[in-house]
Amino acid sequence: MGGLEHANWFMRVLFVAMGATIVTSVLLAQRGRAMFVRRIPGLTAIEEAVGRATEMGRPILFSPGLDGISIVTLQALAILAYIVRLAAERATRVIVALRASEVYPVAEEVVREACEAAGRPEAFRPQDVRFVAEEQFAYALGTVGIMAREQTATTFLFGGFYAEALILAENGRALGALQVAGCPDPVQIPFFIATCDYVVIGDEFYAASAYLTREPTLTGSLVGQDLVKAGLIALVLAGIGVATYLGQAANMDHNLLVRLLGGGG
Amino acid sequence: MGRPPGRADRSAQEAGGGFWGRMQGIPRYYIHLLLAGVVVWQLLAPISMPIAPSAATQGVYDAIAAVPDDKLIVISADWDASTQAETGPQTQAIVQACLREGKRFALMSLGAPMGIRLAHEIAQEAAREHGAEYGVDWCNWGYKYGYGNVLMALAKDIPRAVGSDFYGTPVAELPMMEGVTDIRGIGLVIEVTGLAAITEIWLGLIQGPYGTPLASAYTAVMAPGYYPYLDSGQMQGMLVGAKGAAEMEALVERPGKAVAVMNVQSWAHVLIIALIVIGNAGYVLAGRRRR
Amino acid sequence: MNPDAYVLWAAAIATLGVYTILYRENPISRLFEHIFVGLSAGYLLVITWTLNLEAKWWQPMVAERRWWWVFAPVAGGLFYFIFSRRLSWLARLVMGLFFGAGAGTFFRQFFPIYAPQFYACFKPLRPDAELPWSQVLLHHWMFVIILLTVLSYFFFSVSHEGRAGRALGRASLLGRWFMMIAFGAMFGNTVMARVSLFIGRMRFLLTDWLGSFIPWFAGRGL
Amino acid sequence: MLRLFQPATHQGVLVAALAGALVLSIALLYCLHRFLGPRQRRRLIAAVTFVAGLFYGLEYFYPAREGRNFLTPWIEPVSTMLAVIGAFTVGLGIYSLCQVHGRNVAQRRSGWHNSAAFFGAMAAMLVFGLWDYYLRLPEPQPQVLPWPKAVYAILFGGLYAPLQAATFSLLAFYIASAAYRAFRIRSAEAALMMAAAFVVMLGQVPVGAWLTGFIPLDSAWAFFRLEVLGDWIMRWLNMPAQRGIVFGIAVGALAMSLRIWLSLERGTFFSEGT
């Protein structure tokens, strides 16, 4: 092993190439280049889910998962902003249940601004952005309590979830809520599929804000991401080619691509 | 991803009436009650489920049975309290198998200074049961610091590399060590571990160079990573988590803790599978009636 | 004072109290929920002080006289400006610091996390002395096909129309199916771990608690 | 400049330095607030974000000799500093909790006694937790504990830990009811999911091995023994699918990180306002 504590030249080049591809495609989109995004059904369902809460006159519950301020949480909050905007237009409450106190101020600001952006600053209720508990299962139990007492009609679970995912989703389901969930980590997805009405898996989570807002910057980024993925697939195919040529025994030690990525003997 | 499989069956009404319709919408607290009932019942009054050893477990037992009488088995107990729930019963079952087959064994530890005492107690109890004597039928070389260095020395000169045993007696003075001077005196190494990367040392320094057979026992989380060695024949067998321990207990016909837990697990799994089958039967049959 | 008996009874009552939620949310489960949330809030304050602030901030600042640690509460205090309309931009300033650190942390984790998974995909696709054809087909070819079809599902900017688009659409449908198999497998693989948690709790209730006053339970040897 | 950052020589200097630094930083913040227009504020925030990200990223990517470069020594102190700054937000979470439950108690809303229990539990844990921490006893601990330690033992071992374990173990029940409900052969996808779950579940328990135990281990059909098949599904169907998902996530998260770092992110909160 070795070579992973700091980058080697190959990683530097690869990283810059990936970053440049994404940023270039963002800049092109900002300059007005039209970009296509295919339909992502789980995300289309968000509007339906908000509508259901409005119809029933009951609040919505949103959980951004357990993570502190991380990339996953920031993406979850971007989805929250969209949901609050929709809900504020329809005078529906969104209760945000939080686990990390450093996320609390960010979430509060996101909700307040989304209400303002919807033209309804009075819809912002500070007491609906709630810190529940730091401990994983206290958070789960507390959030289930909020669902039951507030009779939430819709549950949104977007963010970094772990074992508590099934506790939240199974109880939400027992209360008859319509549930939409999304988590980049595949481990909890099976349990979301078993308990939620719509599930956003893997990278769809990161495509969400682009898909929902159609903001050129974000759709541009999505196109850039696809190009990067295509590049990585080409690299995998090249690696497989070399491995096939070398054969099983020699592969890990002599495959140049493995060594460039910090592996091998 | 769109609507996943799983919406509907909010209630039995949605699924249509009738017996099979109701079977599709069993309220969840009945399911919870059933599960709790099965677990408590099986803990208090177990009805044993059949345990058929897997190939990997059978491999460990066969490897123990195949050790020539003039050679030792080395059990490397590289685990401590953190993985005791799985590795403890595994060690116990392996020790039982050695005693049952009348093989002499030596405990040692490369990676767990705190764990060797736990393994020692397990071996002591099993030895008492079989009337086996310390120093004659089994011994404990203790924790040896140095990983690969220990093994390289061990291969050349066991009494020197090991030095003194768990009690501080020089191992050369133990009756069972007579004639066991180097790696040729060892007929099998069994690595029981919850720690990564120790198996690789045994493979690289003992099994590879000298062809000494190797078997192992891992926690369920670790096991999948070691299957390739089983496939390639570098390992004779492997115990996987509590399941492997239970299978081994069944092979030595001494059902213990692992069998008890796996018995409860078996019943719980059977219950869940039965529930899935009933739900699907309801779905198919109620649907047919409506058409 | 020896608290063992109180600990045992409190633990048993708390465990049973939580289990009432299995029927439905009710006054008892609600009480224990609030106690749990309260304890966890108190515990959060305790460990924030004892593990974090006292050791990493107070001690260096006061005992070691590193006076510049006084800037930490000032920066942390900026978060509290979130409640003020006029000053909330200052809260954003310190949030920006954390956002940037979050992004930078991801940059440095990118290769250490993903590179090993990446080169582990380089599997030989022809049999040789060490690799019988059955393994090449059942393991390596399977691996590569699933990897590629699943990846094809995550292309969002390509339309599933036109000849190439339809091919991609078919591949991504296949990828979805493979993902469903994977999710089912993960589900099945988790059941045992979850049931174990309950077995552990039941052992506590039956042997430790009931067994403490009904010897029959203690004698079951669980 | 760096010479200024030396530990104070004695207590008096320390107090003066603390007070001075406090006044100075407040003055700085006041000036920033007073003299920066909305656009400059945005630029300042973007600059802070960029520098913070650059620091962590550059340390990894900048050429290193023997595992170190000019930024490496700073990683640990800066991370500690951020952890400490973040720890000060703990008050925000507690404030939010107290606000919700305080209102319940003050207005005697239905279930206010639960909120009172919340306050009681929090206060008890805070008081006895700190008391226990500062009541350092020599090892081994005495047989009879002083009463504050005993109370803490009840709070932690009798309530906190068992509540945690009991809540975690609820998953055993929820996984059973979720399996019953979700695994229906409603569509091809649901059927595939169910089949995989079935085989893997059976492969894990002895009863599965018993069911297909009639297949000889050394025959060509051994592959279809449930424990072998289950293992094959986990390793050669599940693993590559997870890899595929993970690669997608890696790229998605990379793009998100880049947008945050360069302040390119758009949408409510991330672009509008000051």
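By letter and in written order, the chains are A, B, C and D; residue numbering begins at 1 in each of them.
Assume a contact is a pair of C-beta atoms (placed from the backbone, for glycine too) under 8 Å apart; a residue touches a chain by one contact, two chains touch by 3 or more.
Quick caveat: nothing in here was measured; it's all calculated off a predicted structure.
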| item | value |
| --- | --- |
| Chain pair, most C-beta pairs within the contact cut-off | C-D |
| Central chain (distance from its CA mean to the mean of all protein CA atoms) | C |
| Rounded Å distance, chain B centre to chain D centre (Cα mean) | 32 |
| Separation of mean Cα positions, chain B and chain A [Å, integer] | 39 |
| Between chain C and chain D, centroid-to-centroid distance (C-alpha), Å | 7 |
| Rounded Å distance between chain A and chain D, as computed from the means of their C-alpha atoms | 15 |
| Residue numbers of chain A (touch at least two other chains) | 7, 11, 15, 40, 69, 71, 74, 101-102, 105, 109, 132, 134-135, 137-138, 141, 149, 174, 186, 190-191, 193-195, 201-204, 207, 222, 225, 229, 232 |
| Chain D, residues touching no fewer than two other chains | 60-61, 86, 89-94, 97, 111, 163-164, 167-168, 170-173, 175, 177, 179, 181-183, 189-190, 193-194, 198, 201, 204-205, 234-235, 241-242, 245-248, 253-254, 257-258, 260 |
| Of all residues in chain C, the ones touching two or more other chains | 18, 21-22, 24, 30, 32-34, 36-37, 39-41, 43-44, 79-80, 82, 88, 92, 98-99, 102-103, 105-107, 110-111, 118, 121, 130, 144, 147-148, 151, 154, 176, 179-180, 182-184, 186-187, 190-192, 195, 198 |
| In the complex with chain B, residue positions of chain C that touch it | 22-24, 130, 135, 176, 180, 191-192, 195-196, 198-199, 202-203, 206, 217, 220, 222 |
| Chain D contact footprint on chain B (complex, rising order) | 4-6, 8-9, 24, 26, 28, 31-32, 35-36, 49-55, 58, 224, 227, 243, 246-247, 250, 262-263, 265-266, 268-273, 275-276, 279-280, 283-284 |
| Interface residues, chain D side, partner chain A - complex | 60-64, 67, 69, 86, 89-94, 96-97, 99-100, 103, 111, 163-164, 167-168, 170-171, 174-175, 177-179, 181-183, 193, 241-242, 245-249, 251-260, 262, 264-270, 272-273 |
| Interface residues, chain A side, partner chain D - complex | 5-7, 11-12, 15, 18-19, 22-23, 26, 68-69, 71-72, 74-75, 77-78, 81-82, 84-85, 98, 100-102, 104-105, 109-110, 113-114, 116-117, 126-127, 129-132, 134-135, 137-138, 140-141, 149, 163, 166-167, 170, 184-186, 190-191, 193-195, 201-203, 205-207, 209, 213, 215, 217-218, 221-222, 224-225, 228-229, 232 |
| Contacting residues of chain D [partner chain B, same complex] | 172-173, 175-177, 179-187, 189-190, 193-194, 198, 201-202, 204-210, 213, 217, 222, 225, 227-228, 231, 234-235 |
